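The structures considered in this document are given below.
The two complexes that follow have chain A in common; it is paired with chain B in the first and with chain C in the second.
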Partner chain A sequence: MDKEKMQRTKIHNWNKKIPLYMLCLSLVGFVSFYVIPFAVSFYYSVVDNPITKEYCGMGNYMELFQNPYFMKGLKNTGFFMAVSIPINIILSLCAALGLRGMKQHSGMFNLIFLIPLAIPSATAAFFWKNFFGLHGTLNKFLAVFHVPDVNWLDCKYSMLVMVLIFIWKNIGYDMTLFLSGLSNIPEQYYEYADVEGAGRWWKFKNITLIYLMPTTFVVIIMTVVNSFKIFKEIYIMTGEYPPDSLYVLQHYMNNMFLSLNYPKLASATYILTSVMVLFVACIFMAEKKISENLIS
Partner chain B sequence: MSEKRARISYILFWVAAIVYLAPLVVTLSNSFMSSREVEKNYSTASEQYIDMNIIPEKVTLSQYSKLLIDSPVYLNMFWNSVKLVAPIVLGQLIVSVLAAYAFMVMRFRGKEVVFLLYIIVMLLPLQVTLMPNYIVADWLNIKESYLAIILPAVFNPFGVFLLRQYMKSMPFSYIEAAQVDGAGHGRILWSIILPMLKPGLAALAMLTLLDYWNLVDQAVIFIQEADKQPLSTFLAQINSGELGLAFAGSTFYAIPVLLILFYGQEFLKKGIAITGMK
Partner chain C sequence: MMKKKKMSLLIFLSVLAFVICGCADHSGKKAKSDSGAEDVSQDKEMQNEGQDGDTPEYTKPEMKGELRISCFIEPEFLEPAAKQFMEQYPDVKIVINGYMEQSNTPREDEYQTSFNTGLMSGDGADIVFNSFLPVTTYGEMGAFEDLSTYISQTPEMNDENYYMNVLKAAQNKDGKIYIIPYQAFIETFGFSTELLKEHEDIENALRGKENICFSEVMDFAKRLVAGKNPGENVFLIGSRSTVQIIQDLINDSRNDFIEQEKKEVHLDTEKYMDLLNSVKNIVDEGWLNMDEFDFYNTEYYIAASPSVAMDAAAAQVNPQSKMSYFMPLADKQGNVAVNANNCIALNSSSEHKELAWEFIKYLLSDEVQSLPSVSGLSVNRRGFEKSVERWYNSHDISGSLEDYRNLLQGWVEQVNTCDMLDGPIKSLLELENEKFFNGQQTAEETAKTLQKQIEQYLNE
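== the complex of A and B ==
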């Protein structure tokens, strides 16, 4: 009798530990490939140069704020993110809701929105370069209306062109996340609401938006992550010396990377990351508050 | 009213679809042109507009035969891509499911802080993580192998983040009920969580595949030998020289992924049906 009980507690204890092992598997890899790099790069951000490694405190950071290239990159990146991220999220939510309600062809449209992510970036960038360039298709079209040629990749609006390309590429990504999140909301909730005679807008605000909150959080973060990748397109289209209006933070970082100036690269990252941390912490709190109220 | 709304959204989707398809259509149709024709169309030498034709003067398969038949190099590189990306997607799915589940059922102090760390570290740009990754790969002595790219990708926090968020809106009462009935974690995960998690897993698999299928930078840094490079690296480098080949290569490279995505999106929309709840 007693033995049996012991056996059971043994199994119970073992069972209790399983989640710990599950987490550890991920943690080990996460620490070695992400946290260590994170820490190593912080170390580099406070040393003078990668060879003598002399401690210089906040020196690198101070220098960055006086560097005109860094500031220019910071300004352009900030503008790009402030415009492209909200537009991308709202449009992809609309697209996901639209597809969800669609009776046929929704699979086909979903696939179409993912095409830009499947085409190699170099090929897509080549297409856009030939579309927006000085001798490009857009100008060819506008010439019909006697509009003079503009190099859209080097003018006041070039950053907005990048916003367009970003949205073209990333709606599919966010939409996929939203679609998976939407299918997580039990149909019954809508049925109950229908019984109560709730309107369309009420259902959207009180069911869809609330239950989509955890997914929206993922979408926001991933759109931020993806917005850094626009550099690839800008780089392919405009080369190493982009016009002033397209000089983003990653150009600066890339130059530091290529010239092996790791301390500057690391400090630039930490400035960027601290802004991000503040931003993430804010939405993390907001999200936590809302998901605590989820009925389950 | 609703009928009209549906029709409008349908039209809007078609308009968007045309914009989305345009680059693919151009790439696809230009891949059937001869090198000479492509070069002529995209020449800017004579101050003329670029001719982005979608109808070839003469249809030819010469680019494809160059790509697929004349030399085994490209097929080999395609195979390298598969060898690189398949373990990444599979590994990322397994690691993320387990960790996300652990995050859901475990209760310990600082859990949210660890989770927040997962998210923040994800925000580091590639240029920054590459060098420390290189150092770690050196320690582990995997610098010259695909593992140097595969391992960081498998442990990318994105999966844990996505799936944990996804589990948040799952009815927790199901799990509690199973626990009361004496089901172990393995059983709960396999028979309760995984079936409900299908749309989340589909999204994760699709997006991870897309993220790494076109990877370039990591391969350039970690892989030295030319015959071990994935096709994506090659495609990123040929655009200036042999344009025609780039079009055929891109088409050839994108099609398998699109087929997989087509299969995957079936799972995205399958909702969960909750029965027997209050």
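== the complex of A and C ==
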């Protein structure tokens, strides 16, 4: 009996260790390919030249804030994130709520929203370039109404075009996360509210939104991360030197890499990472505070 | 609590010290050495300087080690040359990484990315065969070794043995040489003999010329075809796309449009827009419309046409040739350039710099330079003689060998500069000008876009 108990304890202990071992494997990869290179790249951010490696302290960082191209990239990236992230989250939540309420064909619509995720960036970029280009489909359509041709990829609305492309691509992803969050809200809560005579808005505000809060934070973080990936589409559509309104931080970094200017590249990466870490930390703090309020 | 405060203060002071140290004035140091290459070269010069201090002594390194060579397209002569070198020095191993040959879908930007990664990780190739890399930028960053010191320390590299004007063609205003041409690729232009018969004044003007700039080529060509019907059987310029013509016209007076060293661009000007429109007019008039012409069954005349030096000289010495008055293409100041794409660079971080230099010397020696696979004109005088003679004997060239050789030699001796415009700038020009000729944008839009893009490239 003791032997059996011991064996069970052994298995129990082993089962407890397995996740740790598995995490260790992942951790080794993360440390080797992200943490260490990131730490090493700090060295490059404090030298003036990647070959002579002369120490220059924070000189590169200070130069970056005086560099009009870096500032332009920072401004455009900020604008893109400020516009695209809230819109994408709101629309994906609406889509998730709509799909959840659908009695028929919800699976098909779910699939339709997810299709853009499966389309390679190059293909999507080719399609959108042909759609929004000067001689593209949109201008051909607008010409029917005698609207003059607009180069949508090189005008003051270019970034909004990118916002649209971003939403098209990411709405399905966020929607899926929201759908999983919504499925975790017990139906009884809505039934109790119905019995009490609560309206739709009240149920949405006091049940759906509250219980979706943890999912919303995950969605925010994932959308922020995904928003940086719009560079791929912009790069494919407009190249290394896009119109002013489409120049994002990654363009600057990419061009610094090609011109061997690793110090500037590393400094820009550190600035970007610091902003990101700060942002994610704020999100976690906000989540913690809201969760505490909910519990109390 | 006090301990925590002390720790915080200590950390703050450390960070402050770190920042202040870094922000201190390094201009003194920088003035002394503005690139890694210069540092290394100066050290090398100090080490090798003889007792008298003026004449550096050359010490041959131990011929042992592995040399890695990076190239986008592997030149044909490289592999046999490497084999011969390894046979001479069995302890030397040469590894050639030809990106084009190794990749299924070779792309220039991917090659540059992989090249940069190698360079920065300290695992870069020792010798680089340049194709399109931004040499000026790499030189400024100290990625390429300044070869002027190596040349001056190699006694056999003199005017007697080499066309030193070609070897030093890429010398910048500070006297540094980051790339050395391994062959003198000179572009020449000639004119239609038949059309010249009708224009004695043009023939007289061409007779005394040693070289010609592209705008002159265009002017002469336009005068030669004046009064004829465009596109029927007379064409203005042969083997030149509209985008290339624009590039040639920019090269005529490069500094009026792009001053790479000063990082200034002047493309958003009437001058550049006029240049674009003038070429567009030629296209619209049909002077370049060769696509649907039946060249095999119709007699035709091309007013001016480019040719590689060996063929151009063959045509020039032949009195029966359809094209005549071939001469090297120059800029408006008469500078004849070699192409930076046929050049060799030395990685400044290489562990075997001396050995690499020995191999570069071998590549420039008459042994390699006279190989049939060295397609351009040799930079080595003996190699030049041999390859010219071989070309003369293997082709049906009218005129004497001496005339042929003298003509080519005269052209090579005119070389005094290297076309160092960065590849990315050329690509931007090509891309945007193409859009203009396709009707996707106006001359003004093209000029503005290029101004912005190239300015950004140079100042980013």
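Please note the rule applied: the second predicted complex is superposed on the first by the 255 of 296 C-alpha atoms of A that agree within 3 Å, B and C clash if a C-alpha of one lies under 4 Å from a C-alpha of the other, contacts with A are read in each partner's own complex, and residues count from 1 in each chain.
Note that a contact is a pair of C-beta atoms (placed from the backbone, for glycine too) under 8 Å apart; a residue touches a chain by one contact, two chains touch by 3 or more.
For clarity, every value in this text was computed on a predicted model and none was experimentally measured.
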Chain B and chain C placed together on chain A: clash or fit? fit
Task = Would you sort A:Ile165 into first (chain B), second (chain C), both or neither based on which partner it touches?
result = neither
>> For A:Phe109, using the defined touch cut-off, is the partner it touches chain B, chain C, both, or neither? Pick first, second, both or neither.
In response: first
Touch check for A:Val248: first (chain B), second (chain C), both, or neither? neither
Exercise. May I ask you to decide whether A:Ile89 touches chain B, chain C, both, or neither, giving the answer as first, second, both or neither?
Key: neither
Touching A:Met81, do we find chain B (first), chain C (second), both, or neither? neither
* Asked: Where does A:Val225 make contact in the superposed view: on chain B (first), on chain C (second), on both, or on neither?
  -> first
Across chain A, the partner (chain B or chain C) reaching more residues is B
| said: A:Glu240 in the overlay: touching chain B, chain C, both, or neither? Say first, second, both or neither. | reply: second
**Message:** One more residue to check, A:His135. First (chain B), second (chain C), both or neither?
**Reply:** both
Open item on the list: According to the stated criteria, A:Phe257 is in contact with first (chain B), second (chain C), both, or neither; which is it?
Closed with: both
Smallest inter-chain Cα gap (chain B/chain C, superposed on A) in whole Å equals 5
Contacts of chain A common to chain B and chain C in the A-superposed view 135, 257, 262
Within their complex, chain C touches chain A through residues 18-24, 26, 29-30, 33, 35-37, 39, 109, 112-113, 116, 119-120, 134, 137-138, 141-143, 348-349, 424, 428, 431, 440-441, 452-453, 456-457, 459-460
The answer for chain A against chain B in the complex is residues 15, 18-20, 22-23, 25-27, 29-30, 32-38, 40-41, 95, 98-102, 106-107, 109-124, 126-128, 130-131, 133, 135-137, 139-140, 143, 168, 173, 176-177, 179-188, 211, 214-215, 217-218, 221-222, 224-225, 228, 236, 250, 253-254, 257, 262, 265-266, 269, 272-273, 276-277, 280-281, 284, 288, 291, 294, 296
Chain A contacts chain C in the complex at 46, 48-52, 54-59, 62, 67, 69, 134-135, 239-241, 244, 252, 255-262
Listed in rising order, chain B residues that touch chain A in their complex are 6, 9-10, 12-13, 16-17, 19-24, 26-27, 42, 44, 47-50, 52, 95-96, 98-99, 101-103, 105-106, 112, 116-133, 135-136, 140, 151-152, 154-155, 157-158, 160-162, 165-166, 168-173, 184-186, 196, 199-200, 202-203, 206-207, 210, 213-214, 216, 232, 235-237, 239, 246-247, 250, 253-254, 257-258, 261-262, 265-266, 268-274, 277
